[in-house]
Amino acid sequence: MSASVDLAIIGAGPAGMAAAITARRHGLVVAVIDEQPAPGGQIFRAVTDPAPLPASVLGPDYHAGRTLAERFLACGADYRPGSLVWQEEKGTLDLTGPDGQQSLTAKRIIVAGGAMERPFPIPGWTLPGVMTAGAAQILLKTAASAAPGAVFAGSGPLIYLIVAQYARAGVPVAALLDTTPRGARLKALRHLPGALMAPSYLRKGFSLLAEIRRAGIRVISHVEALRLEGESAVRSVRWQAGAARGEIATGTVFLHQGVIPNVNLAMALGCRHVFDESQRCWRPERDRWGRSSRNDILIAGDAGGILGASCAELTGEIAALATCADLGCLSQDAAERAAAPVFHKLRHESAIRPFLEALYRPAPQFLAPSDDDTLVCRCEEVTRGAVAAAVAEQCPGPNQLKAFTRAGMGPCQGRMCGHSLGETMAALTGRSPAELGYLRIRMPVKPVTLGDMAGPTEEERNAA
Amino acid sequence: MFKQLAQPDRPLVGIVLSGRAVSAPEGEMLAAVLLREGFGPFRTTPVGGRERAAYCMMGVCFDCLVTIDGRPNRQACQERVRAGISVEAQQGAALLPVGGSKA
Amino acid sequence: MAAGTEIAIVGGGLVGAAIGLGLVRGGASVALYDEGDVAHRAARGNLGNVWVQGKGLASPPYAELTRRAALAWRDFAAELTDETGIDLRFRQDGAFFCCFTPEELDKRAGQLEAAEARSQIPSGYSRARLADMRADFPMIGSGVAGATFCRLDGMVDPLRLLRALLAAFQKRGGRYLPRARVETIAPEAGGFRILSASGASHADRLVLAAGLGNARLAPQLGLEAPVRPVRGQILITEKLRPFMPRGISFIRQTADGGLICGESSEEAGFEEATTRNVLQDTARRATTVFPFLRDVRAVRAWGALRVMSPDGQPIYQRSASHPQAFLTSVHSGVTLAPFHAGPLADAIRAGALPDDIALPFSPARFHVQATRAA
C-alpha cells in the first residue's frame, strides 16, 4: 500500500507533535510515524495512559505533555504508532507497522527522532542489572516500576530528576555517584548571564538537588572513576573521588552521561553532520528553520542538537512553518511573521544551554575507556584494547576501524558505540573526533526482516 | 530487582517465562515484566557467550533480545504483553529455521 | 633491482596491499599511499568469495589466472595467518551457484562444461539438482531449479584479509601512509615525484593500484585504465547458528554467524548508496533459496563500487613511455590476492612483466576490439 502526503514526520515526541499540529493548522496533509504505541516520545512516554502513580512523582513538567499529546491526537494527522521507518529513497519511506509493510511518499520529511543517552563505556557496563537512567525513567512512566536500592552514577540534569522522582515515590536509593568534574561549576559560571535569561531552569535544578538532599540520599560528588563488579550480573559499584574510594553493593545501577542526538536516521537519509564541540557530539547541519543539507528534509527537536523538550516543541513548530513556506501554502513573509514569536521564545528557552553544556560536560575518562578490557562496542564485544591494536596498525578512522574490528556492525548499528569509538580513537591518536569522522550510516535504519524487505511472496502476490 | 509501585489500569493475563506461569498486565512493555519477575539475564551474546539484560529500554541498544513463542531475537522493550506468550532467554545466535515463516 | 630502490604503490585496498606485501616479502623498500577513512573501498562491500566458476568464459588466460590463484589460496592464507595471527576465515569447500529456472541451469551448465573441458586446471565442476543440494541444505526452497558446483570455489573474510595484508606489510617494514590521497604524479629524474595529501616525495618505481582512481592517475604516466564503477549492493543479516556447510554464490554465512547476501551489478556512476529495488530483489532471491530467511532480520546494507574494465578482465600494464611505472586495475581483489602478492609482485620487483601477464592483460586489447563480455 502506498500513500502520498505533503509532510511525513518521523517521531511523535514534542518536536514531532508540535510540527504536526502546526502543519495541519496550515492545511498540509501530514503523516506521523512513530515506533512507540502512544504519542509523547521518550520525554512524555505513556503520558496519555491512565496514570497509576500519584501525579507528584513524575511532576508537572511531565504531565504538561498530556495537553500537547491530546492536541496532537486531535490535529487530523495520519498518525501511525508502532511503526518503524527503515528505508527512504527520493521521498518514499518504507515502514513496517501493525499492518505490515507499507510505503509512504512525502514532499517533505521532518526528522524528529529525538535523543538518546550518551554511551557510557566503563568497566562492567554490559552486566545485567546495569541500565541507563533514562531506562529507569521509562520503567517508571510506562510500568510504574522501580528498583529499590539502586545506585545512580553519572552526570546531567536527567539523573537528578530521576533520583528525585524515586525519592518522591518513596523508593530507596543506595547512592548517587555524581561524576560532574570538580571545576565544572566554575567553567559554567561564565555562562551564568545567559542562564539567568530563563531563571526557572536554574530554580528547578536547585530544587531537585535540594529534594535529593532532603530525602537523605547519599550523594558522592566529583566521582572520578567507576567500576561495576559482577560475573553474570552486577553485584557492586566501586567508586573513587579524589583520595576517597568505596564499594556499594547493589543489584541495579543506572548510568547517565547526558544525552546526544540519535543521529542514525538523519545520517542514513544522507544529511550532512558536524561535530558539536560544545555538546561533544555529532549533530546534523541545519539552518535556523531546521532545514538539513537535503532540501526535502528538515530536522526538529533534540535529533538536531540537544535543547530539551520545551525547545523541541518550538523547533518542531518552526520546521513546520518552513515546510509550509517551502510547499507554498504560506508566503515567506507569512511564515516569518508566524515564526517570529516562536524564534523569540526559542532564544529565551535555549539561553540556559551553554551553562548546562559547560556544567555537565563529561569528564574525558567517561567518554573513552582507559582500561583495555572495557567493551566499547556492546554488540560485537569489541574492547578498548582491540581498538588500540587497530590504531597501532595505523587504522585511519572509525570506518576502517569498523571493517577491522567489527565495532559498529551489530544490530544497534553503531548507536551504542559510534561516539565512544570516535572518542577512544581521539584519545589514542590526539586527533579530534571531528577530524576522525563518524561511522557511515546507511539504510536500513533499524534491523528489518528479509520478508519485509522482499515484500509479498509470489503466492501472496498472485493471491492478491 | 524491580517492583511495581502501583497497579496499572490493565487486565492481567497469563504468560509463561522460562516455563513458569505468571500473570502480567496486558499491553505492558514485556521487558518491565521480565525485570520485575526476576527473569535473570535476557540473553547470552553470540560473540562471547556473556549474559546481558535490558539496558536502554527505548529500542536502541538491542541487548534485551529474547525468544518469544520460538521466534528469536525479539526486543523485549518493544514487545507488549499478550495473553499466552511464552518467553525464553535468547541463547547466543538465533537457531533456525524458526516456526511461523510466511513462505 | 638496484639497492635502495624506492617503490611507491598508490592505493591501499586489497590489490595495493597484496602487491605491497609481495614486494616487501621480496626485500623491496615500499611506501603504500592510501586515502583516509572514507574511500571507495570495494573490500567493504564484498561478499568474500574466492571464486572460479564462470570466470573467464571468454578468456582462457583469465580463467587460468583465476584457477591458479584459487589453488594458491590455502597456502597463501596459512602464511598470512602465521605472520599476523589474523584468522582470515578462509574455507575452500566448494560452492554452488543457484539457478532459478531449468533453462538458466541448462545454459549455465553448458557454458561451464565447455570451460572445464578447455582448461588445463580442473576446477571440480559438476551440475547439481535440487535434490543434490538438499544434502547440504535441507531447508532449501523449492523455487531453486538446481545449481552449478565448483570444488575450487571458497570464501574468506575480505575485511580480515585487508587488515592482515596491511599488518603483514607493515611488519615487514613496509611504510603504510593513510590519509595520503595521491593528487598528481610527475615523472622526474630517476623516477617520479608524488604529490599527496601528506606532502611531496620521490619514488624510483611506481605501481598504480588505486582502483577507480587509476583512471585519473594513469594518463599522467603513459598508462591506461579504462575502468568504470559498477555498483554492487549487499545486505547482512543478524547472526544465525551455522547452517551453511558451504557457500552459495550470493549467500555466504560468515564465521560470525551473519549472512552476506548480494549479487547485484549496476551502472550507477560513483553513487554508492543502496537502493530499494536492488535490496528488494536481493531479499527476494535470498528468501527464494531459503524461505525461512523471511523471518530473519537484515542488520545492515551496503553499496560499493567494483573496478570494472570494458571486458571485465584484469588490466596489468607496464608503461612504455615510463618503464618504471606499472598499473593494476582489477575487480577481483579477493580471488587474485595470491597472484598479486606472488607472481605479480615478483615481476614488478624484477622490473618487467613476463609475456604471460603482459600480453593477455594489456589494455592494448581495448584498441582492437570493444567487447563487453563478462
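Observations on the model:
The first chain written gets the first letter, and so on, giving A, B and C; residue counts start at 1 in each chain.
Here, a residue touches a chain if its C-beta (ideal position, glycine included) is under 8 Å from a C-beta of that chain, and two chains touch if they have at least 3 such contacts.
The structure presented is a predicted model; accordingly, all values stated were derived computationally and were not measured.
A summary of chain positions shows that the Cα centroid lying nearest the centre of all protein Cα atoms is that of chain A.
By count of C-beta pairs in contact, A-B exceeds the other of the chain pairs B-C and A-B.
Chain geometry summary: the mean Cα position of chain A and that of chain C are 40 Å apart.
Distance between chain B and chain C, defined via averaged C-alpha coordinates, is recorded as 43 Å. Separating the centre of chain A from that of chain B, both taken as means of CA atoms, is a distance of 23 Å. For chain B, residues touching at least two other chains, in rising order: 47, 73, 102-103. Residue positions of chain C with contacts to 2 or more other chains are 238, 256, 287, 294-297.
For chain A, residues that reach two or more other chains under the stated contact definition are 410-411, 447, 451, 457. Note for the complex: chain C touches chain B at residues 139, 141, 238-241, 243, 256-257, 287, 291-292, 294-297.
By the touch rule above, chain B contacts chain C in their complex via residues 46-47, 71, 73, 92-98, 100-103. Against chain A, the residues of chain B that register as touching in their complex are 1-9, 25, 27-29, 32-33, 35-36, 40-42, 45, 47-48, 50-63, 65, 73, 77-78, 80, 102-103.
Chain contact summary for the complex, chain A toward chain B: residues 35, 37, 42, 49-50, 52-53, 116-117, 126-132, 134-135, 138-140, 142-148, 169, 171, 232-233, 251-252, 262, 378-381, 410-412, 415-416, 446-447, 451, 457, 460.
Listing the residues of chain C that touch chain A in their complex gives 34, 36-38, 41, 43-44, 143, 159, 162-163, 166-167, 170, 176, 178-179, 235-238, 256, 273-276, 279-280, 283-284, 286-287, 293-303.
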